[in-house]
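Next, two complexes with chain A in common: one pairs it with chain B, the other with chain C.
Here is the complex of A and B:
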């Protein structure tokens, strides 16, 4: 199995297409960093326009933690597309190239073959998020420095002390890795049904867009019923790491999370989706006639 | 059964120790795709050391059969035994001793020839050193291009690399599906010589499919002709290609009557089949005159009696009904 995973990783990282996602993340973060470095104060002024009169904030709002949060909010919507570029190509791309039949005439079971491919796709996903973390968190900490994190929620504001933030980002990136692995599993499943990469990539994005719309249509009771079961509803639960618990005196409890149960529940639902997508994929692939 | 001759006391049978002369045994194999029956009740066997030619027109069911032999397609019915083991239950043990190129030799274009070879060597569990891999590339004439990306290769070079990949784990059985497709005359000659080299020098058993009769004629020791998914005929190449074993196409006023009469006569053993508007018989050329006289005694009203000496004629005759364009002669 280890040999199979090594071979799959070797193939992934020898393909030029793989680096598109890394380059795209670098370019997008670079643009945001450039913009905020040049005109960050205007952005903060715009963000604070409604509460400037009632709250007085000391210190540097536009710091590395703040920029990282802005980047995550902007990018985590688009990263699924970059993930699907590779994940949805894992099997369909080989079918298209004709190498799938060459691989499957080797003494390797189909289940092992598929698991190795999925693990390789997961490693790629995690590495992409590590890359995102390096650029969005560590690089921004260097460029913009660190200070408290000030977040505007829909009905309240959250102020996190600078020594209580770093671990939250580690948790958020870990959760994002789980969410993106769910996207990878979906793309991977869809790639079993096609013999070209474009179809599964578009299908993966279409499913995510469709389910995200359903997740946000909270005013329709029917959709509210199914919403808790959609993986797209839970993909944004990384934000829970940045909600802090308060005591009776309305003081923040350092090192706490407002609703850790929600993170656990979302994680379990995402894991169930990953297992489901992978299980269906293995079942389909074991029975599939390779005609490509 | 041949399984008895496995020279192993371990629980897992080892195809390398299999000593039976029948390497591949296919029994009543069928494959149905929805309403379309691609292969029907096909049975044949391949013996150790054979270059087994698998001949048939495009769409005859050759590739489907070969994909079933290499586990890419699951049979609807029937049984495949390779090295005396059931392919359905001993897939991995068998495939460790099988090398194959299925249709086009598609490899990873973004990798070099050497990287492709090394990748498939690892996948096959073959711990081959760089020197051995280079030797393999040398054999197929690609040693000088070992480090070049495959995307720069010609079709012939890709085909030779595909064969090197099929051989990388030193298999006992090699399966080549249409290996000369898309090749220029030099490429075709290279592949032909490679097959002969593998058979004669390396003592490999080779199954090679083609719709090009001339190619099969030059390399095969035994031949199976398949048409519309069914076996038409099978035999040693020397018997099928022997001009003395002439195929005679007989056309009469009533072929059904003629077929019944011939079945009851001394010529029943020569009958091959009744296809289209002709009855095919196989006989020594010297017997044709006597056969002609006997037709009169059997009260068979003759329209034509045509001896066919060329295998191509025979091939086209037995696979009749597939002609899409009228025949023209210069």
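Here is the complex of A and C:
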């Protein structure tokens, strides 16, 4: 199994397409960092215009933790599209090149073969997130320094002490890895049904865009009933790590999370999706007549 | 009969005018506070506003005559009500020309106080009206309601301890009105609906900031760079 995974990883990292996602993430973060370094105060002033009418906020709001949150908020919606570039190509790419049938002539079970490919796609996903963490968190901590994190939510604001933030980012990146693995599992499943790479990649992107739009349409009651079951609704639960609990005196409790149950529920739903996509994929692949 | 009415009016008006003039009491109070040229204080600040979730933070407060005031959180972000620079009485007493009117008596946390309304003579002053609840026996302001032109009305309650001789409180409770806060969910990328109970709680528009001072360093000199 380990050999199979190594072979799959070698194939992934040999292709130039793999590095598009790493380059895109670096370019996007670079642009955001450049913009915020030059004109970050104007951005903060725009975001703070509502709260500033009754509260004056003093301190270094634009710090590394804040910039990382801005980057994650902007990027984690789009990273799935980059992950589909590789995940949705895992099987269809082999079929396109005509190597799938050849590979399956070797004495390796189809389930094992598919699992090795999926694990390799997951490793790629995690590495992309590690790259994102290096650039968005650690680099921003170096460039902008660290301080308290002041977050604006739709109904309230949260102030997190600087010694109560880093573990939240570890949790958020861990959760994001789970969310992105769900996307990889979807792309992987769709790649079983095509013999070219473009179709599954575009299909994966379309499904994510479609479901994300459904997740945001909270004003239509019909969609509210299906929203809790869509994995795109749960992909943003990483933000729960940055909401703090308050006691009866309205004092924030250091080291607490407002809704830990929501994180657990979202994680379970994402895990169920991963298992579902992978299970269906294995079932389809075992029954499939491989002709390419 | 006519003479009696005139006598009665003079007696009433004269007595009333005498009781209304509280300038000497306010001047005495100002003189007490004037002992302090500058101070640096350490304390803990608690922000209690419905739409703010913030932990208790350690703060440092700096004051320098006549009205320089700075509150710094120890290496962090601080949230203060607008007009928060006037958290101390010393800043309020920078108004030199005012009329002080007696408005009766009241009990503040069990202490008998004289209510004094202070009206600045300067029409352009940001402070429109200050109502002070003065403990005449110990010459301390126990409570104050300040109405400003720019930042609305806020109330300051003060508890005194070992620095009472300088008129400096151990604890200050600053109450104020907040405006509604909301951002579109499209900006914050929140897809889930809030629970109704939480939304109701967020509608409370009264805010409080509590500062409990642990120590004061008085008249040791503070550089102007602290207030920049």
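Points worth noting:
The working rule: the second predicted complex is superposed on the first by the 292 of 292 C-alpha atoms of A that agree within 3 Å, B and C clash if a C-alpha of one lies under 4 Å from a C-alpha of the other, contacts with A are read in each partner's own complex, and residues count from 1 in each chain.
FYI, a contact is a pair of C-beta atoms (placed from the backbone, for glycine too) under 8 Å apart; a residue touches a chain by one contact, two chains touch by 3 or more.
In this text, all values refer to a predicted model and were calculated from it rather than measured experimentally.
Partners chain B and chain C, brought together by superposition on chain A, fit side by side with no clash. Of the two partner chains, chain C is the only one that A:148 touches; chain B does not reach it.
Of the two partner chains, chain B is the only one that A:105 touches; chain C does not reach it. With both structures placed on the common chain, the touch criterion links A:27 to neither chain B nor chain C. Using the contact criterion defined above for the overlaid structures, shared-chain residue A:15 touches chain B, although it does not reach chain C. Rounded to the nearest 10, the superposed model shows the Cα centres of chain B and chain C diverging by 180 degrees about the centre of chain A. When the shared chain is aligned, chain C comes close enough to touch A:159, but chain B does not.
Of the two partners, chain B and chain C, it is C that touches more residues of chain A.
In the superposed model, A:42 lies in contact with neither chain B nor chain C. Minimum C-alpha separation, chain B to chain C, in the superposed model: 41 Å. In the superposition on chain A, the residues of chain A contacted by chain B and by chain C do not overlap at all.
Against chain B, the residues of chain A that register as touching in their complex are 3-4, 6-7, 10-11, 14-16, 97-99, 101-109, 287, 289-291.
For chain C in complex with chain A, the residues that touch the partner chain are 46, 48-57, 71-73, 75-82, 84, 176-179, 181-194, 198-199, 202, 207. Within the complex, the chain A residues that touch chain C are 50-51, 53-61, 73, 77, 147-148, 150, 152-162, 164, 215-216, 218, 224, 227, 233, 236, 239, 243-244, 246, 249-254, 262. Within the complex, the chain B residues that touch chain A are 33, 67, 70-74, 91-96, 98, 100, 102-104, 106-111, 115, 119-120, 122-125, 162, 165.
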